[in-house]
Amino acid sequence: MSDLLAHYPLVMEMVVRWGDMDAFQHVNNTMYFRYFESARIAYFQRLDVSDFTSNQGIGPILAATSCRFRFPVTFPDTLLVGARAIQLGDDRFLMEHRIVSQRHNRLAAEGDALVVMLDYRTGKKVSMPHVVRARILEIEEAAGNEVEGMIVS
Amino acid sequence: MSDLLAHYPLVMEMVVRWGDMDAFQHVNNTMYFRYFESARIAYFQRLDVSDFTSNQGIGPILAATSCRFRFPVTFPDTLLVGARAIQLGDDRFLMEHRIVSQRHNRLAAEGDALVVMLDYRTGKKVSMPHVVRARILEIEEAAGNEVEGMIVS
Amino acid sequence: MSDLLAHYPLVMEMVVRWGDMDAFQHVNNTMYFRYFESARIAYFQRLDVSDFTSNQGIGPILAATSCRFRFPVTFPDTLLVGARAIQLGDDRFLMEHRIVSQRHNRLAAEGDALVVMLDYRTGKKVSMPHVVRARILEIEEAAGNEVEGMIVS
Amino acid sequence: MSDLLAHYPLVMEMVVRWGDMDAFQHVNNTMYFRYFESARIAYFQRLDVSDFTSNQGIGPILAATSCRFRFPVTFPDTLLVGARAIQLGDDRFLMEHRIVSQRHNRLAAEGDALVVMLDYRTGKKVSMPHVVRARILEIEEAAGNEVEGMIVS
């Protein structure tokens, strides 16, 4: 496992598909967000948020995301995609993502994702359930990370 | 409107996105099926099937589809995508699709799609509601088409 | 045309495809970046950068991008996607993007894109050709915009 | 390895991405063609066609493809995607694809792909290089398959 992902509690292997590339013959920018998303969903699964979603109609939505491309990934390659929570607010948390190319053993991209808890029926933000909050802290602590508080801008 | 789509009751304009192209620098094969799908969904909307879906949990699913590529579409181009029903069975119908490049005024692709009516709760095939069947015949007749019966293979 | 895009020299109409939606039944986050990309490519076309690309092997690449999602777009909808240059450095420029839903007459998303000029053969950054720089200033001036200088971080 | 893929010389593992699903909450039909494509490209790599492509400008293109969907794949799942050549003509060959769900140990889809050898510069069909033809026969024979001749329709 790459040192570049040492503090990531969730790292997912993601095989680049030939069709992920665009006419510039490297992986299209939108695909990096697909890789982020895949790791994020896997992180959500660890939080058992789907119970809240089906029972209370509460769940996470993506409010904002960004990516800085470090070098152009090409097919074939197998990526390691990391997700971790770095800040925690009342109704939201901030995740950090990293993508490492195994072929080049090099950081390919990094970014973040602002996740907000929503009541899907009303469309309003809600406080994160205590169990979810506790689970995030537990996961990050086990990876040796401290989660900061979050000042809503 | 192209003669190539003369008998199509539904023709949809579809702008090619740069990102629809792949590393061969023409539109990726999966995108032609996306264009077919878009026209098919528009056709479904004319059938008002969504009422059946929300009230009775009955709706169309794609059972099979094919595409013959006539020439490689590239960005920029605006396509005309046709959908029509050519055969009608008890629980299914067969659609025919055509994609015409406006830039080249030429048939870019053609294909078909086998659509089956399903009870989403049980996953079993069901007879097409009479209103849907009547609506298909009405749409096709208005376009001067005769819809054949369908022998299930 | 929406006031929300008043200062955008390039605004592109983009029809949402049914397949742009994901399992949450609204447009997938990666698709917003596809919409940004489409508008950006159209902006590039106005800059006539493709001449530099084919003759000198110099062209723009996306170094970073971000998106803030304002409300979830769903099918059917037609979007207006804006692109404009707001900062200009020696070898790069910063673009701002906006997506307006025509169905809801409302800002759906906004974001930015850092574009860097690259020598495709060496993979090194290069100064933007004077003609390209002049063209950007001309386009933005015509839209009543002032383009700032850019301090490279 | 599934019996369903016993005669496939090339079987590729493909992890379903959450974003492969559409608003019907199962994998979108276009994605099955992406899976086929991925296996097909891997098969092409075994044929060493890329040498012909770079040296002589000769390479395979997809002329037609079809898919029959057996049951709806959902995330999470890991698929096995098979590719094999079943017919061989002068300037073309026909491939057969299968997708097996590992979660359900069941055939999810099957289809085919007609591949034609093209001179990329002229856009004309060309006879398949002898080495490529020999390589296909060798690969299929090693898997216990007989490759039929192909009558061009």
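A, B, C and D are the chain letters, set down in written order, and residue numbers restart from 1 in every chain.
One rule holds for everything that comes next: a contact is a pair of C-beta atoms (placed from the backbone, for glycine too) under 8 Å apart; a residue touches a chain by one contact, two chains touch by 3 or more.
What you see is a predicted model, and the numbers here were worked out from it, not measured in a lab.
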Chain whose Cα centroid lies at the greatest distance from that of chain A: B
Pair of chains joined by more contacts [C-beta pairs], A-C or C-D: A-C
Where chain C and chain D are represented by their mean Cα positions, the distance between them in whole Å: 36
Where chain B and chain C are represented by their mean Cα positions, the distance between them in whole Å: 32
Whole-Å separation of chain centres (CA-atom averages), chain A against chain C: 24
Junction residues of chain B - those touching two or more other chains: 18-19, 28, 30, 34, 37, 75
Residues of chain B touching chain A in the complex: 18-19, 21-23, 25, 28, 30, 75
Partner chain C, residues of chain B touching it in the complex: 13-15, 17-19, 34, 37-38, 41, 75
In the complex with chain A, residue positions of chain C that touch it: 24, 29-31, 33-34, 37, 61-69, 72
